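Just so it is clear, A, B and C label the chains in written order, and each chain counts residues from 1 on its own.
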Amino acid sequence: MHVGIIFFLIILGSVLFHIFTPWYWTDIASNWQGMDDTITLTFWIGGGVFVAVCLFMIYCLFKFSYKEGRKVEYKPEDKKLEKILTWATTLGIAALLAPGLIIWNQYVNVPKNALEVDVMAWQWGWQYRLPGEDGKLGTTKVTNINDENPFGINVDDPFGRDDILVQSDYINLENNKPVKILLRSVDVLHNWYVPQFRSKMDAVPGIVTFYWFEPNKIGEYEVLCAEYCGVGHYAMRGGVEVQSTKDYNVWLSEQETFQDLIAKNETLEFEDNKLAKNNNINLKQDIYKEE
Amino acid sequence: MSDEHENKSGYQAQSSETIHAQSSEAITGSGSGIAPDMDYVRPAELPEQDLYHPHSFIEKWVFCQDAKVIGVQYFLTAVFTGIVGLILSWLMRLQLGFPGLAGFITAEHYYQFVTMHGMIMVVYFLTALFLGGFGNYLIPLMVGARDMVFPYVNMLSFWMFFVAVVVLMASFFVPGGPTGAGWTLYPPQTILEGTPGHGWGILLMLISLSLFVIGFTMGGLNYMITILQARTRGMTLMRMPLTVWGIFTATVLAMLAFPALLVSSIMMTLDKLLGTSFFMPTILKAGEVLEYGGGSPILFQHLFWFFGHPEVYIVALPAFGIVSDLISVHARKNIFGYRMMVWAIVGIGALSFFVWAHHMYVSGMNPWFGFFFASTTLIIAVPTAMKVYNWILTLWRGNIRINTVMLWCLGFIVTFVNGGITGIFLGNVSVDVPLSDTYFVVAHFHMVMGIAPLMVIMGAIYHWFPLVAGKMLNEKLGKWHFWITFLGAYSIYFPMHYLGFIGVPRRYYEMYDSPYMTSGVGLNEFISTAAFIVGAAQLFLVFNIIKTMKTGKKAEQNPWKANSLEWYTSTVPPEHGNFGDRLPVVHRWPYDYNVPGAEQDYLPQTAAPSEVAHTEVEKT
Amino acid sequence: MSDPNIEGFELEKGFKGMAKDTGSDQTMFKGVHWGKAMMWIFLLSDTFVFSCFLIAYMKGRSSTPAEWPNPSEVFALDAFGVPVPLLLIALMTFVLITSSGTMALAVKYGYEKNRKMCGYLILATALGGLTFVGMQAYEWSKLIHEGVRPWSNPFGAAQFGSFFFMITGFHGTHVSIGVIFLFIYCYKVFAGHYDKGKRGWFTKMKGDYVEVEILGLYWHFVDLVWVFIFAFFYLW
């Protein structure tokens, strides 16, 4: 008797926990409301099945617990019942699968007007690249990466010259404008994940992966790495700020382009060379000092 | 052809003539006018198995060829690894629930604990326990064989497993410590600096896995051939207990899935040792381009999950089978829809080879795969759901003994249904996107392939302990053990799903500086506390076993009044050869409980129809 | 239809009969020796190992950005000053396939209890296998001499060497193990262990000529795998 009651309390507790839980979704800030809706639908159907199965089990415990000489049904099979259950389950599964696939179809088809954002990941940090006025990102290569070309852009590629470089873990995005995240990694797997945007995808070294979303809520959000990438995984965080078009454009105009960077590097290099020549002896002394 | 060389006199002694004589005698008694050959069972087509009896202590207890001893050896070794895994999980929960309390747990250590806990529990604990432990002990007994068909290979299988465990445990003591690459061992990070144990640790892990696969292959061949080719007379496939079906299908899966693990281990070992680039693309590390290039990290994930997903069912299917038997015995009712159960096991097994990429929806593979794998994954839910229905329909109108064994079964149903439903979330591709790599996943797979199979293991221990040790475990201690474990485990993993909803990613050493995660602090403390209690509660079982061995009640033969053959051995516990002079002859399926017209509420598989001629048996 | 091996066993016709036969008691494969069934299932498992290797190879070859070396140039052999593509491989394949033939004959004579013929044919098979391994060693050393390494090679994609050495090495290991067992079985045949039913050194199982057939299954499998490796490495 008490066994059934305890099991009943567990089921009741689970349902109540689900209803009153303080731990639930962060407020959604992108267009993927459909994912949340499918989850809710799955909760209704799946949760219903869970409760129904458990309650039936508890009913059996109350009704048929051991009694010497109880008359037990002997019925190895019931084709009709099995058929009904199979079809009902299939129907329920189909009802869950259909919306899932429809949303996945949206997820893999990126809208044409989406802004391409190159997200580059490494152990353990992020940086971003936006297309310049030509609206296109330049091609890149891992082996091109060095101090003067932190994104590894092919210098010969004319599309790359005006690319806007954001050498920071933080990036700004324009509200209500679809974004296509192009993920690339220079070392191991990473995953650019903002819980409020609901979407994610691994960054895989060697290939470029993508996904898209449309931020629709102004605010600051934390970026988390969601694919284990070594000891610093938990500390590999960044940030996104979704801004109105006006604020976004102000921010954008303050960013450096690849062209600017090259120019700056050339000046630096020139000065470096001059310094190096003049201060050769000094430099050597510095090294001794450090030792 | 080979039969020609066999000694004809070695054939099983019972000829059909003697059976005829017995049956006609019985029928005269009942007078129901049934045809005189109703007890007919085809004569033996197999020669008596040639057993090698041990001659010394070492042959009897160390390098033993008796499947029962090997089963116990497997069981104890697996439990040892399980205890190591349990301690590691405590350390992890210590860090997650109370960060900073144990100062010695650095991020490196934490990731090493995560990795070793995962690998140990999935491969070295659950797989070895179900197939090596229960498989070895139960298969020959349940199908009515004297032993496994290749006892020597079976013995090698255990020792190979033992060496694999030793190599695995050795990695705790090598420079750099065990690998901290996550149990999925995703390259490139697995073998690069920046991951703990990227030197010796990962090498030993890969070697240990390869040894495990080799050892398991030897055992698996035994399980399969014993079930296919060494059943006793009358034991048709559709009369086998579901335990055997579950273990058999899981073994088939293992034989076909472990090759992928072996291949990926070999390839990664070469990447690590020789500098090949199977899984290694061009990599920039600390400003320098490494000597790798042109490999595909996703290839590893495909290979790994081609093993990894069937692996889930390698653990789950034996659990399904065992729990079906336990429920049927203790509900005193035939399992409902036996044929459906068998086909569900086989169907789940077959489908499990076509769903692997649902672990990779956000891995960067071609997104169009998502449609296919989401569909196959959700199709697999149908046979699984049918099994659940059949378990609860078995309870319905039964005569349920609510003892410790049944409690574990009920606990299994609750946790398995819970974990199965959350599986539908994760299998449904676009729902998986927000949830993957969060604590929702951790909670899901612990519920469905951690806790649920563990419930079955515990139930099976309480059920078969009288057979193995000849003594009955204490019911009262068993019930305490169950309630603390079940309530504790449920309160660990049920709320953990909600951490995933908040968005807490898995494999985070700590993350309380994130604004919306701080709300999870209290929950994490609660979960950790529950984890400590559940782990400690397993001492009930240890204490129970010690107490029982010392002062426990001696078990009678067949204490649960079960039907299957393992309870009808010549002695309890069974000795080498299992069944004495004569192998049993099987006349019915193992689920004839409370058959109308029968005197007792059970009919052993060996009960000939003429002995119980007045019963109304529907299924044989 | 009835099974000649088993007295009084009648098969029903059609699908139902097949299902009934498959699910019938005692054995699923009627009259099949345990060891033989075991070898078949082991080979099925091993097929998956080689399939994984070859699929990985296909994936690796198609996804590496560097150019794949041209096999007919890399594997060419100078015969009297003329480079002949695939000469050595053709020879290796010929030797291995021939050894399959001798193995099949050995099994036949084994069942006929023709101890001598059986033994000599197993010996021939073992020598064929040894020749194959030797030629493979030659091919490896030639490639290594030309600068092909598992991690790099002068002809193109580094994965070429990686996959080549790994897969042919894995296959070569299979052949070598087979050769070792062939020699052991050769000894056992000549010593008459299978005629007397002498127990094995380790397994303590009684010897029987069926063991020759079991080893034969393994040997044919190794040959079959070679055909696939041949096709994928040298002809693609």
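The rule is simple: a residue touches a chain if its C-beta (ideal position, glycine included) is under 8 Å from a C-beta of that chain, and two chains touch if they have at least 3 such contacts.
These figures come from a predicted structure and were not determined experimentally.
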Chain nearest the overall C-alpha centroid of the shown protein atoms: B
Most remote chain, CA-based centroid, reference being chain A: C
Chain centre separation (chain B, chain C; CA means) in Å: 33
CA centroid of chain A to CA centroid of chain C, Å: 48
Multi-chain contact residues (two or more partners), chain B: 294-296
Chain A to chain B touching residues, read off their complex: 3, 6-7, 10-11, 14, 17, 21-26, 32, 34-36, 38-39, 42, 46-47, 49-50, 53-54, 56-57, 60-61, 64-67, 70, 72-78, 81-82, 85-86, 89-90, 93, 96-97, 100-101, 103-105, 107-108, 122-123, 142-143, 145-147, 183, 186-189, 191, 193, 195-196, 198-207, 209, 222, 224-234, 237
In the complex with chain C, residue positions of chain B that touch it: 1-3, 5, 16, 41-46, 50, 52, 149-150, 152-153, 217, 220-221, 224-225, 228-239, 255-256, 258-260, 262-264, 266-267, 270, 274-278, 291, 293-296, 299, 302-303, 306, 586
Chain B residues within the chain A interface of the complex: 107-108, 111, 180-182, 184, 186-189, 192, 194-196, 281-285, 287, 289, 294-298, 331-334, 336-340, 362-364, 367-368, 370-371, 374-375, 378-379, 381-382, 385-386, 388-389, 392-393, 395-402, 407, 410, 413-414, 417-418, 421-422, 424-425, 428-431, 433-438, 483, 487, 490, 494-495, 498-499, 501-503, 505-511, 514-516, 519-520, 523, 591, 593-596, 601, 616, 618-619
For the chain C and chain B complex, residues of the former touching the latter: 5-9, 22-38, 41-42, 44-46, 48-49, 51-53, 56, 59-60, 63-66, 111, 150-151, 157-159, 161-163, 166, 170, 197, 202-206, 208-210
